[in-house]
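The same chain A turns up in both complexes below, where it pairs with chain B and then with chain C.
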Partner chain A sequence: MKRVLGNKKAIALFVIPALILYTVIVILPVIWSVYYSLYEGSPGLKWEFAGLDNYKRLFKDKNFIAALVVNLKYIAIVMAGQVGLGLGLALFFRFWLKNFKNIIRTLVFFPVVLPTVAVGQLFVKIYEIQPNYGLLNSILSNIGLQKLVQPWIGQASTALGALSAMDIWVAMGFYSVIFYGALLDIPGEIIEAAKIDGCNAVNLFKSILAPLLRPIIITCLVFSFTGTVKMFESALALTKGGPGNATKSLSMYMYNVSFSYGKVGYGSVIAVFIFLLCIAGSGIINRFDKKN
Partner chain B sequence: MKKRILSILLITTMIAVMLTGCGGKKTEPSTGETNSGTDTTTDIAADTTDTNAAAGDDKQIAKKIKILSIWAEDKDNGKLITDLTKRYISDVNPNFEYEFELVSADNLKQKIATLVASDDLPDVFVYESGKPIVDLIEADKLLDVGKALEDLGVADMLDEGAVSLLKTLSGTDELYDLPLGMNVEGFWYNKALFEQADVEIPTTWEDFEAACAKLQAAGIQPLTAGGADKWPVTRLINAYVMRSMGVDAMQKAADGEAKYTDAGYVAAAAKIQDLASKGYFGEGVTTVDQNTAGNMLLSGEAAMFYNGSWFTEALTADTNPAGADGIGFFNIPVVDEAKGTITEYSMNCGNILALDKSKYDEGTAGWLKYMVENIGNEAMTQFGAVKGYKYDVAGELSTYSQIVADELAKVSKASTWFEAAMNSETSTVAQDNVQTLINGDATPQEYMQSIQDAYDGSLE
Partner chain C sequence: MKRDKIKLKSILINLFTTVLVIVEVYPIFWMVTASLKQPAEFVNKPAYALNDGFYIKNYIDAWTRGNMATFFKNSLINTLAALIFIVFFSVTVGFAVTKMDWKYKDKVAKYFGIGIMVPIATALIPLFQIYNKLNLINTRTSLILAYIAFGLSLSIYLITGFLRSLPDEILEAAVVDGCGIYKLMWNVVVPLMKNAIVTVLVLQFFFKWNDLLFSMTFINDTKLKTIQTGLLYFQDEFGSKNWGAIFASVSMSVIPMLILYMILNKAVIEGMTAGAVKG
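Take a look at the complex of A and B:
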């Protein structure tokens, strides 16, 4: 094995095909976007060099700022929810769940395999208020909380929350499986020793489990971040970005600008911004890893 | 050994999947081709009209055209076009071939923009009237259909109303597109509910508001609208605008002669917001899509519903719980008799059919002539629908189609829809923000201002 990996040709053989593929489908388009962002109009039609005009426009654009705020809120809520609840569920599976382990784990993981559009349709029905109350509103109305019955996805104040709840529900099973695997890797003796030393549940988590799970938590945060920063299909399926712009994300705005408004140049600037946001976000999360 | 075989197998599958993924688009047109090749005339109506004979003396020029449609070959206008084309091939010109390509309505404008950029427009394509088609006319891409039909001697097959509407929409004296529908819009109402609440058909806007209040008092939801789809709500604003400011008010704002923030437009937005804030649309109108809204009217859960005459498709379906006579129609109530009268309708020709200028030749002309001569009758016999062409068959008109035909006969002037003259940016803003307007999160002033901002911004 060592001999094979010591051979530079062998390394090249392993790396180059993937590298070529990666260059073609990731790096080239990014460079292409940067190039497009210096132009105005759509390629082929009124395609003029605009220099940095598109970039100047970016931070004066109210719609862009609105989309950015929505997107950042969404990232914060969904990331915390997905990773937090995923971790919580994994702890639940590991320490408290006694019976029906497999069935419950399967049920929690199940939403991960559902297509986003189907989930969107499902939640449209759950949040429904007209013509009939959906699941949520009919439960509220039946337990005497008629006051809380409201158009969950039809008003700006609750639409983003409703969307986030859906995306957390979909992905938490995925993270719980990862965390559960990591928890199983922690030797039982350590936990037992801690218990003998009189460690309660909170301290056990704080002093033993959390440090040992740290790399996994960071990986999950990066996963969740990259998944949420591109917020698009679930919002489209549930609310179409509405009401108004309440759930319109950066990528939805980018799509509109480039493909509906025919301003591919300006759309590319937004794309470049999303790219930078991705890098910056992952960078910040990874910094927690290097501290120790 | 086994593992190795398995891994090789997996790799080959992956590569195969990748390749098919890349090549997906290219295989599409070929299905269209096979369809045209294996043309069985089974689904074609036996009554070939006598006009065929007239077209039959054309030279049988070999020609292959490409048709881009937003309807599948077995649906709606897609079926109409393919059926007629197949019949043209079997009856008139066996050397004629066609390729049918389907694109979703959402992607239509983007697709056409790409094709224009690569100078590869299809011979015939479905498109949107109003601002989108104006761009193509200005780029000199479209055939002057009016003139072409004149040359072919079939210009009189088009309905004059449709022609003048299309000319208005493109702002030209020539005709650059063919209608695929002839729609009037207005309020559909549930007769049983009107009777139950003892409400008469409103003729003025005050009557209309009074009717809403009366219905609500009787425990009936007065209105329903597809707020999730956005456009049904802007249509309501448009309805008030055309009655209070005249049929050309939206066009004036788009031309820069008026501002969207002028008092009249703001007042219209305020009227609709007012209807919503009184709860006439029920709770959460922005979560209801247009289909659901239509069903609510039919099943008696709401009394009035603004929609176009294409709604007859749902009305005539056997599944309509209101039955064959349970739903009626009235035009937008009058606000100011001096500005807009009851015989002025909000109208459109649906999606339209346009022809590429550079690809048009004698071969296409034969097909075009046949289409225009027969589409009116075909649409009437197959769908009982008026498409904007003359017809001389007595179609089996349902009560609802008869209502539409009667309304069409009353038209004195037509207005277009709210976003017709807006470019896509302004139109997107107008539609997105209308949800905040009816939710009460934006004032009418703010709403119209956002449209004006988008309009100013996109002129830069």
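Take a look at the complex of A and C:
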């Protein structure tokens, strides 16, 4: 047994190629970003050591603060929507839905598999007001809600909300399937016993389901958090960050600074900041797990 | 009284189910009908109206003038090449860090775990510099390598989670029967891991097919663009005037995914509910 599973040559063959690739393409660039963040300009052109100047600049930069605020709002709305609605749907599938269970679960998962840019362009047309009303506005105007017809993604007040709604629409099916699996693992007897003892739906959820689902809720929150911190693809496809800076995320700002304006050093500071935000956020969410 | 209550409950459930299905499916259905409309229909009729006929020219426009055929081919090549390596590496590494016997296996598993936390944006600038020096900008290789490397962490995590629950006795029995390590991998471990492998394949397929950040950074040659960057380019090319062609191109990028999902949906949903993701 030991001879076979301790085969050094096989271990090396199994691990080393992946290890090299992963180190060069994932880990090394992260360290490299930290190093770049101490410089100013663009490598090869004007490239000067700047120490921590870039970091000092960061919090005085109005555009950065704006992107941070947009990104944080987006994380809060989308995380709550994806995980909350996902959980709600899973409870609905488990306790109320009797007919067509499989078909409905399949349909709800549908949007998860669509390419982001395609979804973005679809929603551009749904939200459109000019030159013709898109799907949403044409329905609103037809059912007598002309007042609500508005440029959903063309004005700062609704653009972020419209974007969040799209991303929640896409992903809630994903979370509902995960939660549904977790709910199936909870033995039916426990739930029956609680019902016989006169437990109502709210109490059943609060004192039995929620504690049992806690680890999986936390996993989903981390998943959703790491997904929303990166906010880029869907915003680019739907609004291109506009109008103005209303939906411009940290990643988009970083992309502009480093690739459009060529300020690689400063862009790297933002890149490092996104990484730290990702680690800090997941750390905070995970702490809720260790309390008990 | 009680009967009325039950009846009301079932009406509410049916109502909610209907709304849910409409919300999830109607936008996609609408897109397909819109892709078959003639230009005049967009102007003269409300957006929710059904298509008058089947105006296939939109699809022909998208396929030929819009280069959709090329974008499709590129996405397919990049994604499949990356998937083969991701599955291969995640099975071998996953096996080595759970079942094999060596000193640093826990450390290596943790090291691969870090990658789950790394946002693509953080690695993008240096990676661009590295590729630039190696003359890999504007090549398929650049995308495939990045896809593989960034797909490893989550896949290995899922595979190790699965392997930890696999009883050692099965392996022992095979070894006693005289199985060498490679035969053990191929004939015993891989067949046992079919579900976990399908989960990894499906998840990574969606991630890679949906990549935008890498492909818009490393590729600007139209011949090498993928579906995602292609769709963005398509929008610029056709502007907001040719609605039909845009809907057709979007539908074309969506339909293969839906077909694939229909075929695999049982495996996807089962793999995900079975707990591969729960870790």
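Simple rule for what comes next: the second predicted complex is superposed on the first by the 267 of 292 C-alpha atoms of A that agree within 3 Å, B and C clash if a C-alpha of one lies under 4 Å from a C-alpha of the other, contacts with A are read in each partner's own complex, and residues count from 1 in each chain.
As a working rule, contacts are C-beta pairs under 8 Å (C-beta built on N, C-alpha and C of every residue); 3 or more make two chains touch, one makes a residue touch a chain.
Just so it is clear, the model here is predicted, and its values are computed rather than measured.
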First (chain B), second (chain C), both or neither touched by A:105: second
Touched partner set for A:69, first chain B, second chain C, both or neither: neither
Chain B versus chain C as contact partner of A:210, first or second or both or neither: neither
Which superposed partner A:17 touches (first chain B, second chain C, both, neither): second
First (chain B), second (chain C), both or neither touched by A:259: both
Which superposed partner A:244 touches (first chain B, second chain C, both, neither): first
Which superposed partner A:190 touches (first chain B, second chain C, both, neither): neither
Which superposed partner A:284 touches (first chain B, second chain C, both, neither): neither
First, second, both or neither for A:151, with chain B first and chain C second: first
Partner contacting more residues of chain A (chain B vs chain C): C
Intersection of chain A interface sets (partners chain B, chain C): 43, 128, 131, 259
Residues of chain A touching chain B in the complex: 42-45, 124, 127-131, 149-151, 153-156, 240-245, 248, 256, 259-262
Chain A contact footprint on chain B (complex, rising order): 109-110, 113-114, 116-118, 227-228, 230, 282-288, 292, 295-296, 299, 301-302, 423-425, 428, 432-433, 435-436, 439, 441-442, 458
Parts of chain A lying in touch with chain C, wherever the complex brings them together: 1-2, 4-8, 10-11, 13-15, 17-19, 21-22, 24-30, 32-33, 36, 43, 89, 92, 96-98, 100, 104-118, 121-123, 125-126, 128, 131-135, 137-139, 141-142, 169, 173, 177-178, 180-182, 184-185, 215-216, 219, 226, 229-230, 232-233, 236-237, 250-251, 254-255, 258-259, 264, 267-268, 271-272, 274-275, 278-279, 282
Touching residues (chain side chain C, partner chain A) in the complex: 9, 13, 16-17, 20-21, 23-25, 27-28, 30-31, 34, 42-43, 46-48, 89-90, 92-93, 95-97, 99-102, 108, 111-112, 114-130, 145-146, 148-150, 152-153, 171-172, 175-176, 179-182, 184, 206, 209-210, 212-213, 217, 227-229, 231-232, 235, 240, 243, 246-247, 250, 253-254, 257-258, 260-261, 265, 268-269, 272-275, 277-279
